[in-house]
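Several structures are given next for inspection.
Note that chain A is present in both complexes that follow, paired respectively with chain B and with chain C.
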Partner chain A sequence: MSLLKSRTGILVMIGIIVSLFVPVFVANKFYIDILSLILFSAFLGQSWNILGGYAGQFSFGGVIFFGTGAYASSILLTTFGIDPWIGIFAAIAAGALAGLFIGFISFRYGLRGSYFALITLAFSEVFRVIANSVEFTGGGVGIFIEHAPGIKNLQFTDPAGYYYMALVMVIISLAIAFWLERSRFGAYLIAIRENEDAAEALGVNAFRCKIYAIMITGAMGGAAGTFYAQKYLYIDPPIAYSIGMSVEMLLVTIVGGMGTVFGPLIGSFVLHTVNEVARHFIDTPGLSLIVYGVILVAIIGFLPNGLIGLFKSQKKQTGGKSDA
Partner chain B sequence: MLAMNISMMPAAVLNGLMFGAIYALVALGLTLIYGVLHIINFAHGAMLMLALYATFYLFKFAGIDPYLALIIVIPGSYIFGYALYRWGIGKLSHGKDQNILLITLGLSIIFENAAQFFFTADQQTISLSYSYDSFDLGFVYLSYPKVISFVASLVICLMLWWLMATTDLGKAIRAVAKERQGARLVGINVENIYAITYGIGIACLGAAGCLLLPSFYVDPYTGNIFVIVAFTIVVLGGMGSIVGALVGGFIIGITESLGGLFLGESLGQIGISLIFILILVFRPTGLFGAKQ
Partner chain C sequence: MLEVKSLEAGYGLVQVLRGIDLNVNSGEIVAVLGSNGAGKSTLNNTISGLYKPFAGSIQFEGQEISGMASERIVEMGLVQVPEGRRVFPNLSVLENLEMGSYRRGKGNRAKNIEHILEIFPRLSARLKQLAGTLSGGEQQMVAIGRGLMAEPRLLILDEPSLGLSPLLVEQMFTLIKKINNDGLAIVLVEQNVVQSLAVADRAYVLENGEIALSGPASELIDDAQLKKSYLGI
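== the complex of A and B ==
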């Protein structure tokens, strides 16, 4: 087991070092841009994974935290002139608060499973309509962020800048998931996922644990919002609270493997690669999403543990043999 | 301004009632599937969209009147739903509820984008010779398509209620809904009943598609408009309750119509989602749902 652990550790170190030097060796900026997108999507997937994968609370409204974070830092920047370096922490706080609010309402009244999925979907609609109707979000017009490249503004002319920023975020998200798997809190979450009543009978405060989980998810989503706003320099309600992005978060995680450290990263990598390849051959709107849907159905039907399950089940089998 | 809005209220209520009947039909399929299979059919909106396209193309290429198309689209939808559950959803989900939620989500992604691929993203409408004829009730005009869809929805709800309450099939479906294992023990083919129920639920959508098209439009994302609304109605009326779906449909239809009148287009949409959240939080069994 310790060998396995260290082997994973070595692989992670190699992975980090290789990814640090990717922009040096890959000259084509197009690929760097796609890689940033893969990392961004993996980060969002990981945020969903904390609540959905580990704690087993399927949310269909993961985009709420992303949108709230994006608005928080963008409003601070455009209205009050506060740097996104401070803004990103405000976004993290705003995401966590949104998580607290939604978690409190849903978990306080014992909503589980499909009901929780539906209420988060409804909340994302409510947030979208509110953002569309009030003034300080710019309403339906949205918020334009001034183009002012520089590390101070978290804006870069070279795509490699966004690549490194996304890379740092993904490494932090992997560390959070890694910590979760080894902590008592993570064990509580997994216990809640497997059987909430049994976990409570053993003294786990399920309500509090789920609130913490949704706040971590919210905080990560908020940070992703700032990243998006500083990269694309524009947000409006349909972007900030799009159902499509909520779906993408759970999609990359489920395809890669729910409740695993590397699932969202693997899922994001595979799905985006498939998407780009499909687009290369037939560039028709809708086709790549059909492929996404087929992959989702196929994964649920034939690989319920996700792509990462392909490796895990082999390990377990060999482990069992050596024991016997 | 307010006085004018209040004078328009009876018309808004009546219009809400007319649209609510179609909502009820959409929700009826959803509540039936939930009540028996205990799953949430996330592909409901996408399947309504497919029914709308079926009606549209029957009209465009074969010249079949949408109301006449009921006799083709309803059985067609039933067969589609039955086959999809029997050889698709049921097999792939391994019997886990959350898997079904995700598979139906995957199906809705596939259907929507396949529709965009084959039918393009353009909005399509049809116009019938009697589309703009209407009854004059003195304070409001009611167009023929709205009145026909209102009456037809009520008839279909009544037929479904009759099917569930009096026939052997209805009895078997109710038995499976109450107690899977017990139903299996007395010789009911549970898998078959599941597929039949799913088929009936989709057949309701087929009917809704035919009745909706003359006064509405279709594009690959039409279904999305109805997803949250249908879930709201089902939760409001009580998951699995036929009467609840009908009453819930009317309530939501009127709420939406009045919300649009008093709060404006943009903010008016919020009413549905808020009702949904409040019901889920304070009375998850709904108005007519059984206590758990």
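== the complex of A and C ==
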């Protein structure tokens, strides 16, 4: 059944149409800004989901690709005057190359599980230190981007502009995940996640598939970097290679549902909403974070398949063991 | 069909196999017997392309496959079912079976699933169940079924009886014979000497990475050295 004819497809189409009209009906710019943030976070989560959720390679360094992409387009813009429409493709390429570099080193030497997670964490620190030390990144001072609103510069005075940009990115990311779930390559990634040795015995080239997966993750992260740089007009090493952002991308995905098309979007929506609501209603400093944390623990503890597990059929889980 | 000559192989710099000569003819069950650490899995993985050999030759249907990528070897019809059952635990039985056919046999997927359910009828009722929730015997059926989905010409079964109860072990060997009756050549890598020799046509005994004994299964079962080493009699 094609996507457009399925129930999910119809719901997606309704969701896209409604999303297109949100800025028309929501007058408060603050809410539009929050929605942009949710979509941006969902996109980043989806980038992590390709490698972490589908291929089962948990990374604590998702931010590497974001930061590298942000620097790539920002340097091209501020040093060479190359506009961000070209810069975003350079950022995509830079993110993919960073993925290739890290993937080649990690997977060639057979790093899996916690070892892979730790090396990606270490790489994010290495990238941060390098960005802090070299001149072309602006060192510790960072890079300031000139405020020049206009579609040519991917800068908008109205938050709706960023909202639509983030929406397009999320739609593309959903399409990538949807394609992945139905492709042979996606099946290989899932096989690797489930049992790499068994996958290899079936003729899956795990090394090559993981390299492609980390490059897709890197490319998406790179695009997110350009979005961020053009929205906030500033990038420096602590922002570009922030461990907090790495954690956020895996968190939205785990909460929403790893290895699923809509998990990161659902996770991002719920986590950011809970965060904003907790901050709005709780005045005591720090208490909102505690409430946020408790909700997070509850979701992870009681819903191991993420929030999307609530909507999935339970039929597969049942059946019980036989004596055979 | 499969001809291994003077094979030397191992992990990294550690040599495990020394001068292995082995051959499998069409339609045969050939048992490779040996205790833990004898080099059985290294032999499997080298033939399947998962390890690169140090020296020697591996020919499958007349073509040199030594050092060839595992996906190419699977595409040629040489498929391994790894030890320890290794199903994809969070996928359903049906999804596990389908996974076996991406590299080879995709066009006949539905027909092959039907055939596998005829061999393993108890999987029919569990097609939608997560493979990780199945019992050990059923998981082994899924693992073998997944291998069969690739329409192998030669199937390597790595310790299919490992961890199964005695009754199930007997059933498993009966099923292996049943699969072989369709004309499929099988390399049966096992520690269970008695059951393996009962179903195999020929056998090789691996000891410390070398072939210590080989010959027709019916003769090996009476071999004094084998009886002493493996059966304690």
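Basically, the second predicted complex is superposed on the first by the 293 of 324 C-alpha atoms of A that agree within 3 Å, B and C clash if a C-alpha of one lies under 4 Å from a C-alpha of the other, contacts with A are read in each partner's own complex, and residues count from 1 in each chain.
Here is the rule we go by: contacts are C-beta pairs under 8 Å (C-beta built on N, C-alpha and C of every residue); 3 or more make two chains touch, one makes a residue touch a chain.
Just so you know, these numbers come straight off a predicted model, no measurement behind them.
J.: After superposition on the shared chain, which partner residues are touched by A:118: those of chain B (first), chain C (second), both, or neither?
T.: A:118: touches chain B, not chain C.
J.: Examine A:297 and indicate which partner it touches, taking first as chain B and second as chain C; both and neither are also allowed.
T.: first
J.: For A:287, select first, second, both or neither according to whether it touches chain B, chain C, the two together, or no partner.
T.: first
J.: For A:195, select first, second, both or neither according to whether it touches chain B, chain C, the two together, or no partner.
T.: In the superposition, A:195 contacts chain C only.
J.: When both complexes are superposed, which of chain B and chain C contacts more residues belonging to chain A?
T.: Chain A has more residues touched by B than by the other partner.
J.: According to the stated criteria, A:205 is in contact with first (chain B), second (chain C), both, or neither; which is it?
T.: In the superposed model, A:205 contacts chain C only, not chain B.
J.: Regarding the shared-chain residue A:247, is it in contact with chain B (first), chain C (second), both, or neither?
T.: The first partner, chain B, only.
J.: So in the superposed three-chain picture, is A:187 touching just chain B, just chain C, both, or none of them (first/second/both/neither)?
T.: second
J.: Touching chain B and also chain C: which chain A residues?
T.: Common interface on chain A, chain B vs chain C: nothing in common.
J.: Can you name the residues of chain C that touch chain A in the complex?
T.: Its residues touching chain A are 48, 50, 69-75, 79-82, 86-92, 98-100, 102-104, 122, 126, 128-130, 133-135, 137-138, 143, 146-147, 150, 168.
J.: Tell me, which parts of chain A touch chain B in their complex?
T.: Going through chain A, the ones touching chain B are 58, 105-106, 109, 111, 113-115, 117-119, 121-123, 125-126, 129-130, 132-133, 140, 243, 247, 250, 254, 284-287, 289-290, 292-294, 296-297, 300-302, 304.
J.: Help me check something: in the complex, which residues belonging to chain B touch chain A?
T.: Contact set of chain B toward chain A: 39-40, 91-94, 97-99, 101-103, 105-110, 112-117, 121, 220, 224, 228, 231-232, 235, 266-267, 269-270, 273-274, 276-277, 280-282, 284.
J.: So in the complex, the part of chain A that touches chain C is made up of which residues?
T.: Touch list, chain A to chain C: 184, 187-188, 190-191, 194-195, 197-205, 315-324.
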